[in-house]
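Please go over the structures that come below.
Paired with chain B in one complex and with chain C in the other, chain A is shared by the two complexes that follow.
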Partner chain A sequence: MIVLERASRWYGQVLGLNDVSCTIPAGITALLGENGAGKSTMIKVMTGQLKPSAGRVLVQGELPFANPRVFRKLGYCPEIENNYDQMTGQEFVTLMAHLAGLPSSTLKARVAESIETVGMTSAAGRKIGGYSKGMRQRIKVAQGIVHDPDVLVLDEPLNGLDPLGRRDISTLLHDLAGRGKCIVISSHILYEVEQLTRNMLLMAKGRLMAQGDIYQIRNLIDSHPHHITITTDQARSLAKHLLDLPYILSAKFNAQDSRLLEVETHAPDQFYAQFPNIVLEHGYNITHFDSPDNNLEAVFKYLVSG
Partner chain B sequence: MNYDLPPPPASVGVSNVADLQYRNYEGPLISRTMRWWIIAKSGMQNTMKKPAFWVCVAFCLLPYLIHFAIYYFTQGLTQQAAAAGVGAAGVLGAGDPERYGQLVYTCLCSDTNLLSIFIIALLIGTGSIAADNRANALMVYLSKPITKGDYLLGKWMGIFLTLWIVALLPCLLLFLLLMVVYTTDGFLRENPTLILRILAASVVPALIHTSLLIGLSAWSKSPRLVGSIYAGIYFVGAILARILGNSLYGNDPDMNNTVQHFSVSGVIEGMIQYILHITLSPALLQKRDDTTLAMPIVAPLAIAAVVLIIGGIVAARTKINAVEVIRG
Partner chain C sequence: MSDIYLFRTALRDLIRPGKLFAFAILVALPFLVCTIVKWKTSPEEYAATTYYGIWIAMYVYGFVLTMTSVIFSSGIIAQEVEQKTIVYLLTRPLPRWRILLMKYLASILITTVVCWLTTLAIALATVGPTHLGAAPLAHDILFMPIGVSVYSALFLLMGTLLNRPLILGLIFAFGWEYLIVVLPGYGQYCAIVTYLRVLSPHEMPAWMNKWALLSASIVEPPTRMLSWIVVLTLLIVTLGASFVIFSTREYVPREEAG
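Our next item is the complex of A and B:
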């Protein structure tokens, strides 16, 4: 578990992290934000590479800054591309396993296991310089998990991976989360993160804007109406019934497609509870139902622009 | 007919599909007291993979191999001289107590040797930290249970040990050769401290090159830039020191000699000369007249050497951080 208590970090007059308090439990948590939002600073503070200027950070109950005891429980995959090119994947993971404190007696087997877990066994003997971007990502993950850390921090881990690679790494991360590991993933590709977890930390301008389950967060944003699109042959009739409901703000017909109805509500939960009853009662034939606001990107957009 | 297949070998698993499921590590994690050694060893292993390194090592060994051949072929002469009552002194310079030290100096400070050590230093030192800086790899290293001190010491030792071995190995070969050929003529009796002097003298170039390159490398993200700057400091510094010595102390040979040593190469040569405790003979200076070169004044040279070494290490220590903090 990672705990930030009013953690701030500033660089001269620039505020990198501004009074952030949160608890990151076991499982997968996504750290989201635009460039300059403070994601990197937060990761560096959590991984003990920067000391908070104020407040404190605890990783598994200990202060992480320059603390080898914490580093022993921590796996970190930064977003680096061009290093260790002269080493083979095997040598790289072995070096990192050595540094992590694995004894020589178990090192070789454990390195092989980690490399196998990320699907790199066949390429482990090749130099990293010849790896594709996806292979580099995999081998970085291998060095991050080689010492079986309790906390794993990954910076853009799915970057450069092909669909199969993404699935493999996602499966691995879910597997690790299922074993009680605390996993933090920083990403700017919201769609990918959405597939991995619903637990988010949303950052902007150094502050933590929202945290928790993405759907719960969405429901808390009352000021932004929730949009729902419905496709039916009886759009006008349905609009009439929906507008009778007190929590429906508007119903608009799409100019290009008269079957498409766009509804705005400030109480999505009530709407979702009531809508099936209306459909069944009047026998509407609904061919498509969607809420563009129910995804991470929409929530993120609302929060950042708001 | 028996169609039964033989049983699969033990190494083949039950399933053809690899088990990629994550497995917990149940073994221990140990606290190493010499964590820096892991980094040093890795650095040295990378060096050994570079063909250019071995070419330079060959150039370092070349003068010693030539000496080896010369002594091998003159051994017969030596024995004849000994039979005639002239002894080894007849070959190496009669009655000169510094003759063996001068020989070591010739090999250690020959142009070929100094240049080879310098090139090896560039080869392995310029990118030692600069390449890590460029790729933000320090974040990986320093997220492991090691300290900045471990990292710096590991990088430093990786270069230092390599350079020291490169400088020392040929000297040891020479020492062994001298011991084999001249022991009967009192080589060991006359030179009980020579081996210690060789050990100390060969440390000097390794110490200075390593510290300066580590210091420069930590402040850069470009190994090539580090190499260019260091080559500039090394060669231009030597020329400037020579010009300065001649123009300021043209009439004072001692001071002239000392000031001429105020460059990286000058400090290395001066300290080696001091440790071997020799006056450079006309033969060593490749002069036809009787010119000799006494030892430079040691105190300022020693101070310069310490400043170069500590300065380089402190510069590196200041700059090594997992994260480069740019203040707004």
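Our next item is the complex of A and C:
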């Protein structure tokens, strides 16, 4: 578990992290924000590379900065593309395993296992300098998990990975989370993490804008109407019935497609509960149903612009 | 075990082919020049031990030792920071001072070996393989690691404090150290080379001794005892300060924040 208590970090006059308090439990937690939002600063503070200027950070109950006890339990996959390019993937992971203090008896097997886990066994003997971006990402993940840490922090680990690679890493992270590990994954690409976890931390301008289940966060934003698009042959009739509901704010027809109805509500949960009943009662043929506000992009836009 | 592996990795990094080529030039160059000088000079005029002394004092101590030390030791941290690979070292459960120590040891080992090979090449070219005993070769071989250690520790300290320590290191090694010893007064007491010359004296031609005595004509050179105290104190203090600074300082470039 990672705990931030009113943690701030500034670089001279520049505020990197602003009074952030949160608890990151076991499981996968996504750290989201645009470039410059403070994600990297937060990760550097959590991984003991930076000391908070104010407040404190605890990883598994201890201050992380230059603390070997914390680093025994912490795996870190940095965002940097630079690795030890003159080394082979095998040598790199072996070095990291040695530095992690793995005993000689298990070291070789652990190195082989972690390399195999990220699908790099066939390329492990090649120099990292010749690796593609995706391969570099994979070998970075391998060094992060080689000592089987309880806490794993990954800074933009899905950058440069092909769909297969993303699936492999996602599967790996789900497996680790299933074993009770605490995993923090940062990203500025929202759909990536949306498929990984619902638990997230949203950062903007160094501040923690929201924390928790993405759908719960969305539901808390009552000031913003929730948009739902419905496609049906009986759009006008459906609109009439929906506008009778007290929590429906508006219903608009699409100018290009008369079958497309856009509904605004400030009580999406009630709407979702009621809508199937209306459809069944009046026998509407619904061919498409979607809410653009149910994805992370919309939530993020609301929070940051709001 | 992790310390040894880190030491071996650091060592291997220091003896990559490009660097080995540079080492070979450093060793071969004085051998060739000394051989040519010996060949061109008549045997009656050729003072082998004096030539040996000049080359060791001016080339090995004055150039190879300082140059190699400044490049390797000042780059121990700076290179990792520049390549951003420092994050891998600082997020592992090995105490930071041990990381620094292993890399420092690898650096002084390679520098010492380069100095030894250069010294041996000079000895072979000047006094010849059959008269090696005529030159203070054994003394130089024994003393050189101390000279390497003290310079390397100082440049290591610069590397832990500064983002770009190489320039300042070069200014110190080839500006300060050369200039301060020829200035009149106590200035020579502020140069490491002064103490190394006292602890490892070499036969010099008369005209060079007169030039070197420019400052000594006003101030007595340090005694051997004082020189040992200064050299060892400097070694311990700079090394200790490097360990403390590296263990407490943040090594994340500001542009990385965000």
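Methods note: the second predicted complex is superposed on the first by the 306 of 306 C-alpha atoms of A that agree within 3 Å, B and C clash if a C-alpha of one lies under 4 Å from a C-alpha of the other, contacts with A are read in each partner's own complex, and residues count from 1 in each chain.
Everything below uses one rule, namely that a residue touches a chain if its C-beta (ideal position, glycine included) is under 8 Å from a C-beta of that chain, and two chains touch if they have at least 3 such contacts.
Here the structure is a predicted model, which is why all the values come from computation and not from measurement.
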| item | value |
| --- | --- |
| Clash or fit, chain B versus chain C on superposed chain A | clash |
| Chain B versus chain C as contact partner of A:151, first or second or both or neither | neither |
| Partner chain(s) touched by A:182 [first = chain B, second = chain C, both, neither] | neither |
| Contacts of A:95 with chain B and chain C, given as first, second, both or neither | both |
| Contacts of A:119 with chain B and chain C, given as first, second, both or neither | first |
| Partner chain in contact with A:69 - chain B first, chain C second, else both or neither | both |
| Contacts of A:24 with chain B and chain C, given as first, second, both or neither | neither |
| Which of chain B and chain C A:204 touches, first, second, both or neither | neither |
| Partner chain(s) touched by A:38 [first = chain B, second = chain C, both, neither] | second |
| Which superposed partner A:172 touches (first chain B, second chain C, both, neither) | first |
| Set intersection of chain A contacts, chain C complex versus chain B complex | 11, 14, 44, 47-50, 66, 68-69, 71-72, 74, 76, 78, 80, 82-84, 86, 91, 95-96, 98-101, 103, 143 |
| Complex contact set, residues of chain A against chain C | 9, 11, 14, 16, 35-41, 44, 47-51, 66, 68-69, 71-72, 74, 76, 78, 80, 82-84, 86, 91, 94-96, 98-101, 103-104, 143 |
| Residue numbers on chain C that touch chain A, as the complex places them | 1-2, 5-6, 9, 13, 16, 83-85, 87-96, 247-248, 250-252, 254, 256-258 |
| Chain B to chain A touching residues, read off their complex | 18, 20-25, 27-32, 35, 38-39, 42, 45-46, 49, 131-132, 134-137, 139-148, 321-323, 325-328 |
| Complex interface listing, chain A residues touching chain B | 11-14, 44, 47-50, 66, 68-69, 71-72, 74, 76, 78, 80-84, 86-87, 91, 95-96, 98-103, 105-106, 110, 113, 116-117, 119, 121, 143, 145-148, 168, 172, 175-176, 179 |
